[in-house]
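We just call them A, B, C and D in the order they show up, numbering each chain from 1.
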Amino acid sequence: MELNGVQIEDEFAEAFPNWACRVIITAITEKWALQAATEATGFATSAIGCPCEAGIERILPASETPDGRPGVAVLFFAGGKKKLKEQVVERLAECVLTQPTTAVFDGMPEAEERIDVKLHFFGDGYEYQKEVGGRNCWAIPIMNGEYIGEENFGIVKGIAGGNFFIMGENIPAALMAADAAVAAIRNVPGCMCSFPIVASGSKVGSNKYKFMAASTNEKYCPTIRDRVEDTKVPEGVKAVYEIVIDGIDEAAIKASTKAGIEAAVKIPGIKLITAGNFGGNLGPYQFKLYEIL
Amino acid sequence: MELNGVQIEDEFAEAFPNWACRVIITAITEKWALQAATEATGFATSAIGCPCEAGIERILPASETPDGRPGVAVLFFAGGKKKLKEQVVERLAECVLTQPTTAVFDGMPEAEERIDVKLHFFGDGYEYQKEVGGRNCWAIPIMNGEYIGEENFGIVKGIAGGNFFIMGENIPAALMAADAAVAAIRNVPGCMCSFPIVASGSKVGSNKYKFMAASTNEKYCPTIRDRVEDTKVPEGVKAVYEIVIDGIDEAAIKASTKAGIEAAVKIPGIKLITAGNFGGNLGPYQFKLYEIL
Amino acid sequence: MELNGVQIEDEFAEAFPNWACRVIITAITEKWALQAATEATGFATSAIGCPCEAGIERILPASETPDGRPGVAVLFFAGGKKKLKEQVVERLAECVLTQPTTAVFDGMPEAEERIDVKLHFFGDGYEYQKEVGGRNCWAIPIMNGEYIGEENFGIVKGIAGGNFFIMGENIPAALMAADAAVAAIRNVPGCMCSFPIVASGSKVGSNKYKFMAASTNEKYCPTIRDRVEDTKVPEGVKAVYEIVIDGIDEAAIKASTKAGIEAAVKIPGIKLITAGNFGGNLGPYQFKLYEIL
Amino acid sequence: MELNGVQIEDEFAEAFPNWACRVIITAITEKWALQAATEATGFATSAIGCPCEAGIERILPASETPDGRPGVAVLFFAGGKKKLKEQVVERLAECVLTQPTTAVFDGMPEAEERIDVKLHFFGDGYEYQKEVGGRNCWAIPIMNGEYIGEENFGIVKGIAGGNFFIMGENIPAALMAADAAVAAIRNVPGCMCSFPIVASGSKVGSNKYKFMAASTNEKYCPTIRDRVEDTKVPEGVKAVYEIVIDGIDEAAIKASTKAGIEAAVKIPGIKLITAGNFGGNLGPYQFKLYEIL
């Protein structure tokens, strides 16, 4: 099929279950909420080499946050509940509580599964319980006043590894399309792009170096297209980007895949959209492009 | 003493030795170099709870980078060489190599101590050695072309924990001053602010909760000023921020402390500048404000 | 009355009728739509010395624009229809048509009063009519492809001069509150802040220089508070900012005044909110703070 | 000749004398200096339809401004001295004096030709003379304290219309290259790009509509390439952007042309760089690409 003149391959993204936690970070202005969110979700592109996967879900206007201040919703993903809890605790403690004027709130109050994030002991006895926006929070005296934080967060069985590939006739085209896709996905609730754009695709293992758990996926590399027999890079394509999406449920992955592709194909110079999988034997979720679009 | 009408306390910052590594990240435009640098230096405010300390040193114009593209210099700090190497490897592998159009170069070619950061095995045999800007690099085929990277980086015995405190009559004043200080420090080579602004000061241990390794430093908390006998918060001060500086040498810490304080005292509403220490018995470095200013 | 602990004076803003035109500017990405919108609405703070008043109303997601691309809605205001038309023509011709990848659409298709903005003659015969998103547009060949533009725009009898004043204990507090107010107003449809923050209030005429049509309103100047008998600056206030709002109707002025004040009073260090008028004899519109809040 | 694999045509830019004035705008932080500078230089792309040409020359660190605050240097250009003075007066009065925490300083203290910009009457007798950073300024009480301004500015015979064209295989490539060129030019002192990127080239007059003073230059329009006999658009080029540069002297135009082109050719997908002229009979200045590069 074609979308806006761009060929779409009949492929599917293969994805995996992952635990997800949403934290709402607010601050005195959007700038400071965003800065704390950025620090807290850094070094979190891929669970392969990072402690977790994390990213900004979306900017929240003051009218949508518990304390009526500008905010940012962030999502954390990990394979296990224990790992997820550990990372949420560390990242809130080191990268949010320490930042100017922040407060944090549970972003999934309706979830049944829950984790404790007990930071209030940091108050050394000066902390106290306080209701803010209908939430049971702890107020901890710090240098710029009081840090306000909920300490119990909902978690859900989410999905990691939703994806699609953008192939363009040159880097600027593919990069602008990938950037436009990520911007569009930012408007879809329930998901985030932890990378946010992937420039280097991996395959499991390595043909040459047996000690490597993963190595470059030569089939998607334009510069060695002529040397790879089963290359997936069409003629005329000079740059490929992958958008990897983690979502709290299948609907979020589908909606964001659709929004991202629709934004990408509007950029001139895009040749092909496809998706990545391992043949369908590894991941329990399959997101078929033709069904989604 | 006073500076621009703001009282400066006769105090000193107590700081500690730490290994430092500088990486130059370039990309097709400054935007993309900055995005990779931000991801690679996230979750790295304090070595207490983060895997390392890291931050952006400064933006580099194309004329100052090995490959003539826009760049960003980032600094990584860790207590041990092994930890430093491990973190530089992971962060370059997961957060830079994977990002659009990036290349990395050694930022301390003159340093005697060196670490290897061997990412080229990712190329699975398609990688090759290539000279770029007079540097011996590896070119690894990836989806948007070739990732270019040096694989040997200089490290030096740097310093962590340079600091000063900004006390203001309200949050906006103290926060604008802290932000101005960080912006001024961004112009000083050889240092970075990993937090970049600290809103919650810590003391070693806890009086109430014996299981806590650190807890809020109640002496610097304005909201409980009346309940803390030996408070360091002067009357009329409602917000305190700490600027923590890691530098590659003493000169960098001194220059950045001076630049930061001079920027901060220009903001109306600032009442006092001081520095933090543990009495001088723990850290081998003492940065005295009166000598620096 | 008090709001969030900040005193609100029982005052009203006195405002005036003004013709208003809304233009939707789209581009390949939000960045480029925003750049064109910024250029087109520059040198347009006050109709006193600028050719018109203009500003960005709000950012539009791709889903809300006629051509499905990211966009920005801008508003132009002028006292007369002829002046308004002249300015919309010049600003679209010089600052939007000339900018990368732009298209423009009528932002008030339902308005009865209309102005023509005929730019298609620029096409020198190569232009042609084209329907885009259900709108009758002209496509003009230019260097980056085709400029797409509607040429008939709705105008309405709007209102200029809605306002409120923010008084703070120092510049950072008042400025952060003013900035927060403007950000909140950006979320309210139908209005914009052409300045966007006013740091210098005027009075009609001058006591000392008879040739001046307007001069500083000494009653709102903190530095000369002691020398002005009828000063309106309360003790302890060091900085005053005025937010001036132009809106397409009374509802927009009211909603934005409310949103702006509610955002401003959340910032620590704000002492008083009031509004400006000329005694009620000049302008036909009176926006009373107590009624609005 | 070729540069980085991109063909450079043996062409020249034809430019014209123009009066130039540089104003240094400072503020409490760079953000606010930039905001005032942006407003003051808006609606100023081309002197054809705008009151003047204006743009940001460069960001100034606090160490380079008279009052030691962050600043922005802006340049104004006009054909006549009278028009230039009128525009500098209006734009400083309406768009800088009115903005938060601004001060303005003469950016060409060494120039012999000078214009007066008397804003101090706005002070209505409360203004007074004050030396700031060795400059004779007026201090005018306004709502956020005192506006500080020099009132005598150097002007020089500068040059308008330096230019070059970037032709790319698609819009994203040409646009990224144009953006990179403008960023590189921002680092060259003495010049600015008023547009800053031109997407619509003009020719003098119109073949079809005799009442038009200018119309689209069909020779540079990719979409009608097949219908224009003497098209200058090479096969495979889908997007053309022009960078127009105004400079205070020939050296600035040359240096910025060189810097801009060198940045542009580094972007993949660029096919040709050329320059625009009217045959050499109209403008007294000719900037030959081959001599400059």
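Methods note: a residue touches a chain if its C-beta (ideal position, glycine included) is under 8 Å from a C-beta of that chain, and two chains touch if they have at least 3 such contacts.
As the structure is a prediction and not an experimental result, all values here were calculated from the model.
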item	value
Chain whose average C-alpha position is farthest from subunit A's own	D
Selected pair, greater C-beta contact count between A-D and C-D	C-D
Centroid spacing, where centroids are CA-atom means, of subunit A and subunit C in whole angstrom	36
Interchain centroid distance [CA atoms averaged], subunit C/subunit D, Å	25
Euclidean distance of C-alpha centroids - subunit A vs subunit D, Å	40
For subunit C, residues that touch 2 or more chains besides their own	28, 171-172, 175-176, 238-239, 267
Contact graph of the chains (line, ring, star, complete, other)	complete
Of all residues in subunit A, those that touch subunit D in their complex	168-173, 175-177, 238-239, 267-269
Subunit B residues within the subunit D interface of the complex	28-30, 61-63, 68-70, 176, 179-180, 183-184, 187, 263, 266-267
Residue ranges of subunit C touching subunit D (in the complex, touch as defined)	28, 32, 38-46, 48-51, 90-91, 93-95, 97-102, 121-126, 140-147, 171-172, 174-175, 178, 195, 197-201, 206-209, 211-212, 214-218, 220-224, 227, 238-242
